[in-house]
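Okay, got some structures for you below.
Note that chain A is present in both complexes that follow, paired respectively with chain B and with chain C.
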Partner chain A sequence: MLYSIIKSNTYQDSLRLMQLSNALNGTAGINQVSVMMGSPTNKEILRSAGLDTPEVDGAKPTDLVIVADVADAAVGESLLAKVDDFLRYRAPVSGRSGLRSARSLERAVGMLGQADLALVSIPGQYVASEVHRLLDRNIHAFIFSDNVSISDEVALKRRARESGLLVMGPDCGTGRIRGLPLGFANVVHDGSIGLVGASGTGLQEVMVHIDRLGGGVSHAIGLGGRDLSPEVGGITCLQAFRALAADAATDVVVLVSKPPAASVRDEVIGVADELSKPVVAILLGERVEAEVEGNVHYARTLEEAARVAVELAGTRSSRPVALCPEQRWIKALYTGGTLASEAAMLLGDSLGLTGNTEHRHEVIDLGDDVYTRGRPHPMIDPSLRTERMAAVFDDPENAVLLLDVVLGHGADPDPAGALAAVIVDGLARVHADGRDLAVVASVCGTEEDPQCSSAQTLILEQAGVAVLPSNAAAVRHAAAIVRRRDASTVSMPATPEPIRRLLSESPRIVNIGLREFADPLLRLGAQVVHYDWRPVAGGDPKLQALLDALS
Partner chain B sequence: MATYSSIDQANAAVAQRIIDAQPRLVDVVPAKTVIPALEGRLILHAGPPIAFEDMPDPVQGAAIGATLFEGWAQDEESARRMCSEEIQFAPNNDFRAVGAMGGILTGSIPVFVVDNATDGNRAYTSMHEGEGKVLRFGVYDQAVGDHLVWMRDVLGAGLSEALKLFPDGGLAVNPILAQAVTMGDDFHVRITAASSLMFRELAPKLVRVGMPQEQIESVLDFLAGNVNFFLTLGMASGKATLDAAATVNAGSVVTCMTRNGREFAIRVSGLGDRWFTGPEEELDTLYFPGFTDADACPDTGDSAIVEAYGFGGLVSVAAPAVQQMVGTGEGGFAEALATSEEQAEIVVTHNPNMPIPNWDFKGVPVGIDIRKVVSTGIAPLITTAVMHKEAGIGMVGIGKVRASMPCFTSALEALADARGITPTA
Partner chain C sequence: MLYSIIKSNTYQDSLRLMQLSNALNGTAGINQVSVMMGSPTNKEILRSAGLDTPEVDGAKPTDLVIVADVADAAVGESLLAKVDDFLRYRAPVSGRSGLRSARSLERAVGMLGQADLALVSIPGQYVASEVHRLLDRNIHAFIFSDNVSISDEVALKRRARESGLLVMGPDCGTGRIRGLPLGFANVVHDGSIGLVGASGTGLQEVMVHIDRLGGGVSHAIGLGGRDLSPEVGGITCLQAFRALAADAATDVVVLVSKPPAASVRDEVIGVADELSKPVVAILLGERVEAEVEGNVHYARTLEEAARVAVELAGTRSSRPVALCPEQRWIKALYTGGTLASEAAMLLGDSLGLTGNTEHRHEVIDLGDDVYTRGRPHPMIDPSLRTERMAAVFDDPENAVLLLDVVLGHGADPDPAGALAAVIVDGLARVHADGRDLAVVASVCGTEEDPQCSSAQTLILEQAGVAVLPSNAAAVRHAAAIVRRRDASTVSMPATPEPIRRLLSESPRIVNIGLREFADPLLRLGAQVVHYDWRPVAGGDPKLQALLDALS
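Moving on to the complex of A and B:
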């Protein structure tokens, strides 16, 4: 049966109504349906289609006409609700993420104004020409793609070096620039440890452990697995070292790699040794002869590299401390005897104090009988220690105040609180004097202890204390602070401006290839445009050659 | 002739001609008065050259109708025989003309005369006949013939007089394009705003011409009722503009796109009048009730000049109604924006005189560069009316279709050849 509904003086655009008609035509019980405005032309179309009722004949051009051939009246009566439902506003279904997309590099760059960095994840055979086009435009490249020939890699990296640009990769799995994840990347906290790596998951493992240990990452510059080969000669590695050495956000540099070729190793380690910042090297598979050689700390495992890096850099909650040249001494005021012994031993080792009587480093065990005669143990009564702290702050040659904080049953209910008050006061005096002083501590306690280790840690950190995960870590961190006084002053070549900007300003990024890599960047608020890459001229080499000739 | 140091420089010159063109509707006259070749037994048609036998049925129907209208034959059978044996056929585009659908044009059919004030060249097109039983859908009977006579002797004659009353000697088209593109028109399947603006310009002049009352009533009723009347004026303005641009005689900009129901064809600024043809892509059509893909005539008409001009599918972002059929058709504005952004990849520049508010006031795209089309694989998107494959039934829906990629690749090869570049690899 034919069923028609006229909605008088109701206007809808005809294309919308054609879509509506199509949508309704799939409905059960409806043989044919059309929704149109009642113009003479449309009424003629309805008549030709056999959808002709007296109501339709009487419709005006300003009337919305719904006419259907339906199984029964009930279906017809349901039509109006369906029409109203369709015409109700619905959000677009495509769910575009807001990621801007282009189909050519020119437009992608145009949308950003200028691009600084490109993530390249396209088939290897197209990488070289695409990255040359990036270098033409002064854009750094992070190349996730593999299957790029080593001769192309050498050519790209040499060209990049000449232009002061970084080519990370090819076959570069992970990276991080100013908190922005490149490729496969874990979510880790910002901090002062800069990484350079020829190994994707190696970098990831080190970054994850840094994060777990309370440290943070400034940048992670991936190199690709062949950067330290004799052919490539560590071009990107050396660029990255020098860039991180000059980068204000980075205090410690970590190198993660398989053992490089001997000639490359000499150059890379040679440059590492001359950096103004300590370097932690994990050359997986290479036998470690010494823990430290000059400026380079060697680790045997990825986890160890992370630990050493955090010990050198401090945690992400550490405040930056600027020391004067005359500030040289560590004063350790301990409440735990064995902790004090460990501190003395480690300091002796790492600062080379054996047989040296010229220094004024001190490790004092305040739990010793000498101090506790007639007084409670300092783990019970913090005043035994706090009353000695003022002198440490007031000596302008002191660099570090090193502390242990022992929790547990029997100990003071809030040792951190007692320390914090004195530290805040002492630092205020130091700052008023135009100086600074590093306060470093570890907390010997658990979450379940009555004082709760994380709560005590927070109190200390808020007072300006760098809290390391263990006593040994705290001691090494204190030693690193002092040692940095003597850091190398070998002058480095100036960091090229494009690389300096990459590490110090928010990069504008073109994502070329896998869309998935752009989404986290967008969520983090980065300026990113997706270049929906396809091979030029559909990959037809003859047309590509013609286009090149006609460009 | 100017020489250009690079294709980019030549294309910039071509684009500037397009931006600078000032098309004006200056007259309406029988076609043969401005296209002398139509004094003879010549029928012009849409698209690249095609034999009568190869034309789709509605185009053949229109040719037969035109033969009867001209009085060259008295019945359909003899008209069909004349069409296949005696009458010459040629593309509109070779005579500075364009036509919608089959684009059939003979000497007695009235045409718009569009003058490009900047370059002094002219273009012609038949007027939009309205919907239903009309010649362009291959229908010819007494009513169609009477309507054509009325269009020539009443509407055309009236418009001709009315146009003389415009201070500049004609109706300027750019202001209508610039306004209507901000009002939702794409000028190919949405022409309502431009047609309304055109009516607003014409009506006050028409009533001053001094036509008999019943004539002025019929003219105003027709114009008020035809929301597509501007379509062919837009096409002819594009033709006049792109013909002027083609005189640069260099570069890689598309100066014509058209289709004859069998083949898609383009012309390119640096390659003169050569046609580059390719097979037509499948139409993706929203149908009127009762019609399906089985009923559709392959894409036909010179109206793709609208896209070569920078409008149509290229300005989807500007046309809210068209947004519902571009992209997946479900994504709303984002899809339309993405479509225009995609199409912007293949053009030389944008026309600052025709900003699109929805597009952050970016201008209408100007100059499709065949190199960009081939390089990106993005073919121009055409929005179009779709007619029934059989003569006499008329429009069956609104569709979208991509320009045929082989046209662009063969033109690229020809361009390389013309510059002495031999393909390697």
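Moving on to the complex of A and C:
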């Protein structure tokens, strides 16, 4: 038999609904139980599942609706007791975390002084009016909710653009602003890679791999899945590109998306091509013809996008290096013959050196017979290389010193130590001369090697070396450093002040909807207030619209 | 003034020479010091550096020669005292390690009962006759030494091939046989990827990255830099290919080389294409046109070669899965929409599904509205997915269940745990049915995520899941499992018994030359004896040749 429970005006968010559903599912004598709010859509779902009752038909969107297929009425009674228990005793988990909470937006904003950003995860039909209220107050919106109409999205984003505000989403799964996770978000390190994504788990996968490869994230600006549609026209994407290009914390921009509509693609890639910072684009499903076109580097997989971004930006341990215009050359001093071959090949590709004899880039394999005659191999005796390094530092036209560091049985017991001493000296001379020089390396070794790769990496990093995760990555990073200087600084439209502030100052955040999204923000010390949103006017959309018009 | 010291019949290997050179270099009053054996080549080097003296001119190849530019004769005297100290007191480091040592090859082999493999690192001019002696005794040779003529190399390799023996090198920097490091070698985990390489640091870089990506190495067979030249014709390479194809521990073969001569390339790639196991080829400097041609997967960088090999072989934690011919389909149940898109795209590419409607491969995005209506997102509530998994296990035509596991704030606190329970049950049913099924996943998360990616990975691995390092890698691994079954088993020439034994039984090793190469073997518990080789007959090549002819 069907047994239904209606708790009127008892709004529960989707997580609470799931907790209640899990609590009820274990009850003996129950075949099936559905726990939902009484929205028209949900009532339709119950109807098509054959779980509708006259009580359900009469339920309002703000009513909690429970329908169970039970053995007998007694089971139904025990179910009701469980529901009452749940509603009475289970305070939201985050209630214990010290999260401040308010019952109106005004109160929530008031508790913060002013709010910069709102995280919105209420049911879709209520989103548009709530976000208009945010825009009224000059608050950026991150909309996790889905089921928002595209016409509402266009209206919100156009209005936001006019006010210099960002509307991320709707259906925006993840984001990150100044280290603060928004929505579903992985814990990754801060760094200089800024992301723009019309995709939740796509952004997550790219960020996770950036982190694993030693890179870090400045911001991740979610767009929602329809921003690059012809209707929306990439409004938020273009705002985000320009904001990240102007953002001091960001060196490289990554775009994650399904292939945009053709007209939108032209504009988005056109703007990407003109940014003053390199752009990595992963347009999932689009066949990649060239790896690089102008300023845009195309990747075929999410993991590859992360790899290319780290190659361009360096790792989070890389120190910033400012080069003069006359510093143009890469000098690579290698101990491994094949690593040197790979370096020469990749540099040739990256810098287009085929047939070019005018350049002074150099890759020297110090293990070659020419250098080792009568001396041990440089993987055993680092002095063969360190003797030659001074000259690289002292030539004011050199931009990058590129090195391999090979560990393992047979190799020098501390190659990084031998290099570090000479690098610290060399950089001191370079700095005294008012210049800088990038030193880039990779460590060919494992944690179990006698020298331990992470220990050797640390020694190099402390000496000022950017240590990339592979030889190929180190070579491409060196090439990116040299190319970076060639990028003419494009005059971009100024970033609107509210967006500039969002990316450069700690945002004050209102959380509207799922309390759980506020917890990590609070733990990270962010200023956040939870607005304990409930549908007004019994959830009646018409009355809601009237109230919106009057407010 | 030049001061020279000649110690007649005092052979020192190159490491000892370096140690002596380092010990002398700190002496006050010395401008420059050279420490060498008195070979014709070395005497030429001293001459061209202006460091020749009448004493040096008269030195024999077995004489230790030290020439220093010193302030006065007294400094020279102090130098002589240091040299005498060094020769008297400094026992080789490995002398303390318990390494057994013999003064003749016969004695060394006798101490082992029989030897299977010799590690040769003596000066180049002595190598050929020493290796012929090894081949006389049915001993495989790993030749680290360089400066061996190509005609000697051809003669040795042809002779070895006739006897079913391997000659790795000369100039073979690294190798690995059944977990034992040869020459310069990184400490990597055992696994199912077998490598063949005409390059030292190239092999090292690929092995290091295989290890970092969670894969492992069965064997690494070095060729030396000239094996793929027209003169040698890839003798050792072809032997190695066939041996690894027949080797039970190896699932995937990787070739690392500079581009071979055209004629050799055709034969080598032709054999690779016909192996019963997939081959990954990195031919550094050759422009890669297609990613896959027949059985051969081409990589552009050493790191990419490692990545492709792990995608094909799986990780070292993957359990072996034997599929029946009727098991053909991949069923992918995803919680991440973009991860699902990437999976669909990569599967389409890998399996050539464009326009093919006959297949039953499936990628389902369970986060799609169709599945989530009235229910929480599957990243929050794993039951949406676990409910659908049983059917995948129970269809006997399914080959692979492919999953994403998304961690981070907002996601389920233990998605791997929820999956593992259902997977263990499902696999139990599958095994009870006399079948098997591959379960492949990737974890989108970091160590710092609330769920901790390595902890979640372990839970999955313990449930029998192959966890690949990215979504792209997981998808390609799933495709490789399905394709693997299509590879028709090619009838290959039988592996010669001595090579089969080398790869399948613990080799007994004679170390000839640098004692340091024996140390890691000894520490790993290998049977190894050091043959304390010295040049015979005062190093006179003619007398040596005469002795060879008589022996």
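What to note about this one:
In this text, the second predicted complex is superposed on the first by the 441 of 551 C-alpha atoms of A that agree within 3 Å, B and C clash if a C-alpha of one lies under 4 Å from a C-alpha of the other, contacts with A are read in each partner's own complex, and residues count from 1 in each chain.
FYI, a contact is a pair of C-beta atoms (placed from the backbone, for glycine too) under 8 Å apart; a residue touches a chain by one contact, two chains touch by 3 or more.
These numbers were taken from a predicted model, which means no experiment stands behind them.
Set against each other, chain B and chain C touch different numbers of residues in chain A, with C touching more.
Of the two partner chains, both chain B and chain C are touched by A:L15. Contacts of A:H359 after superposition on the shared chain: neither chain B nor chain C is touched.
Shared-chain residue A:A102: touches chain B; no touch with chain C. Using the contact criterion defined above for the overlaid structures, shared-chain residue A:R158 touches neither chain B nor chain C, since it reaches no partner. Contacts of A:R534 after superposition on the shared chain: chain B is touched, whereas chain C is not. Within the superposed three-chain model, A:G445 lies in touch with chain C and out of touch with chain B [touch as defined at top].
In the superposed model, A:A185 lies in contact with chain C only, and not with chain B. By the document's definition of touching, both partners, chain B and chain C, reach A:T41. 14-15, 18, 34, 36, 41, 45-46 are the residues of chain A that lie in the contact sets of both chain B and chain C, per the superposition on chain A. Listing the residues of chain C that touch chain A in their complex gives 14-15, 17-18, 34, 36, 41-42, 45-46, 146-147, 174, 181, 183-188, 199-205, 208-209, 211-212, 225, 256, 258, 284-285, 301-304, 335-339, 341-342, 345-346, 369, 373-376, 379-381, 404, 406-411, 444-446, 448-450, 453, 469-473, 516-517, 519-520.
Across the interface of their complex, chain B is touched by residues 13-16, 18-19, 21-22, 32-34, 36, 41, 44-46, 48-51, 91-94, 96, 101-104, 107, 534, 536-538, 541-547, 549-551 of chain A.
Of all the residues in chain B, the ones that touch chain A in their complex are 7, 131-132, 189, 252, 286-290, 320-322, 324-325, 327-335, 338, 341-342, 344-345, 371-372, 374-378, 397-398, 409, 412-413, 415-416, 419, 421, 423-425.
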